[in-house]
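We just call them A, B, C and D in the order they show up, numbering each chain from 1.
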């Protein structure tokens, strides 16, 4: 997937416009981004990332949360937690930013075909998974049973509420299991951490699991899956690290002999155990 | 193969700098660096190693790649093309020529870095045999022959006493030789004998260098085992100042940072060198995976001795130029680390 | 009183840019007084109000030169009647070293002035500004420490 | 030199054995003749690796900041210039005195390997020994006698504190070579004599070679802030770009930040990989302080406040017409 930056230099962003802003939670907002001509900035595969630059503040990389089958725009759900994201959250619809990409590898769609799938997301970790979930929903028959386990700290932190409450539960053979960490009012769903919830759901181990969320959640979820008999090469996850160039040259996201922005961010778990634990 | 007398070198520089930017090892304020030759500058070809490597010619320390205008919320981007005209780089030692190849392995691999490629294509590199290597040189342990010229050099040159022998090795080198044909004379038997003698004496000098017995194959163990040798990494990082001298001086260090320059209503995006030894190299919004200096030091030397070879058919990301051995304020260098990892536990 | 102020606008090409850091309690009031009593002082002086002259540090001065200033003036209260009682004593010590250091680096002495102007000395304010304009005008535009990427 | 090495080893072993200190900071010999580097030992048997020779130039006192966070009591071997920077660290409240045991060593000046290489040109030196009125350099096929002046660091030749100013124990008797003190500001005066444009060209040429590696900041004992202003991205004090104005901005501001606290140990100029004479910047400020506010040597004691922290009502200044130059 050669990237589509103009005059073929991978570092130079294109001018893009924030078409629409949807506030998901108090610190997560979803941006619909189109290029200067109102069209989709570039083609991508589920799991790939885009580098959003706001001159003169800086640049940061975000996983694209809309499905590749969405033609008009790309969507990024961004949590407010740093200089670039703070500034992004102040922008209103119609303001211009720079965008370049796509970067990184993608969820291996071929391996997922006609298999039962488990998507396990935590907090903002649902954003990268939503891209592949929506892709699966748009080609529903190619895939087996789908289970979505998604948890966050409080009900207010659950992102993409439209999808998780209305759209996905109505899909064919799809169960959505939601949980929040602590008891909170007007929440009658499951209470508890995602890894424990996964353990209690006790999926049988012929499924493929895709996990994404804060590192602590990934660690315990992988242990839970292992106890249920999931082998390492049945589980995929994305690594979050500082990425600057996006093309595997600037050395920031280098762990072991891999570059997360080029050989990742999606890794199979047996590949991850080979990497030194510095992520 | 042609010969030129040392006496008419100034004339040669004059001729080359007529239509090329000529970079030579020049001595300014008591330090030797590759810089643009101008009439009357003091060229010093005896000292074997320039202070800083010629890396800044192909990978400048700061390079603006995008100009941005931001008038009332309307952005306009203007890409900045790599500029600069053709240049000739004379006096590059075999280790620095080899370091260009190591940088090529990173920058010219798909997706190609257009800026680096432009700087590389504009240059004609003339390597010079190492007449007297310094104590801290150890290029032989990386298979670099200080006497001959690596394939990456467009022209190979040797100092045979009263004159230099030039041998074109690439068509770019051949083209340059033709433009300066008349200053050169053909070589005869005596010169060839001198050349062999010179190469022999270089090998002789190499033998009694303190680090000539450095053997990298002694580093045993998988990536994880070497990674887990914590007491070695702790011992070195205890005195490390996290200053970044080693990575900015090293001809094969290629990490960079993309930064923004904030003007009044305009701005610029530029690329600049960065060092994995500095504390904010991997700092991100939700934390820093490498908080201790031991982790940063380990990353630097693991990258050079384990990770880079794994991605590039066993080639180490070091050319043994010895600059880190000389200039580290607390004398941490890759030679000590290779020895310690190789199990030689002379008390370090 | 007033300098032959049309020097500034006779030949259009060089209009010196002077940045003046004026302490809010004395020099800024002095500047006001100079203005209200119709004293002529050059228009190309950009006044930056600071709480006290010791609020100005080396970064401000170097940043001013980087962004195109041809001359920098720091004006504070006379030692002894600083609103914060000891502010300008520190200014005096600090800028004795800083003026020497910038001169040592190569900034001409006439381009960087520190002076004590009280609220009542409107005319001193005008003369200080006119003097530095004249000196800087003779020296020509300042090319030193300039940030090439900054466009005014 | 040799008997001091023996004393060092004895003291270190004794201190570690009866647990007076948790860790000893000293020097060890590297592979090359010109290489002695900082050593941190915690076990008594390692004490035999410690040495004292002509190349123990590294100033160990700044390591105390990091080490004292991990250990309660540390023994440190300290030369004259190290002891003044130790006092400066005390004055800056970065370490406290009773966590450290100081073993002072009078120092006759350290040897600069670069100068030896220049003298011996192309044949490699294999060793250096003290002779009766200087040093003998041996290489493969010749030996050469040189005087101390030719090969010592410039800062050692004009050293103002060869004997430690603070110590718990002194190894060896005091050294008195104080005759070259007045040449200390020679370099500064040479630059002051230039015209402004010449001065700017000189410094521009020097700063052009700066590779912004921060070694000068990281080795400097007066530069001991927990978070340096240059590392604070959103303070936008100085970017990472290597341009003419950013480089001079960094060096001028750094010289000013250590004004009145710089002990003139010359480490910034020694470690600079580009060979920039940074000590000439700091020494200019020291010269100005001496002239305008009275003789002051930072680090000679740990009580008198630094010049820029205090003031006198009757201070003169260098800028107003009546008071200054």
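Going forward, a contact is a pair of C-beta atoms (placed from the backbone, for glycine too) under 8 Å apart; a residue touches a chain by one contact, two chains touch by 3 or more.
Being a predicted model, the structure only gives us computed values, none of them experimental.
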item	value
Chain pair, B-C or A-B, that carries the greater number of C-beta contacts	A-B
Centrality ranking, top chain (CA atoms only)	B
Gap in Å, rounded to a whole number, between the CA centres of chain D and chain A	52
Interchain centroid distance [CA atoms averaged], chain B/chain C, Å	47
Where chain A and chain C are represented by their mean Cα positions, the distance between them in whole Å	55
Inter-chain centre distance, chain A versus chain B - centres from mean C-alpha coordinates, in Å	40
Chain D residues counted as touching two or more neighbouring chains	233, 243
Overlap residues in chain C, where contacts from two or more other chains coincide	149
Chain B: positions in contact with at least two other chains	257, 261-263, 274
All pairs of touching chains, each written as two labels joined by a dash	A-B, B-C, B-D, C-D
Complex contact set, residues of chain C against chain B	149-152
Chain D contact footprint on chain C (complex, rising order)	58-59, 62, 66, 79-80, 86, 89-90, 92-109, 113-116, 144-149
In the complex, chain A residues that touch chain B	2-3, 6-15, 53, 55-59, 81-82, 85, 95-98, 214, 240-242, 244-245, 247, 249-252, 254, 256-257, 274, 276, 278-279
List of chain B residues in touch with chain C within their complex	64, 261, 263-264, 266, 268
Footprint of chain A on chain B - complex, ascending	65-66, 68, 70, 73-77, 79, 106-107, 111, 113-115, 223-224, 227, 254-258, 260-263, 267, 269, 271, 274, 276, 281-286, 289-290, 295, 299, 302-303, 306-308, 310-311
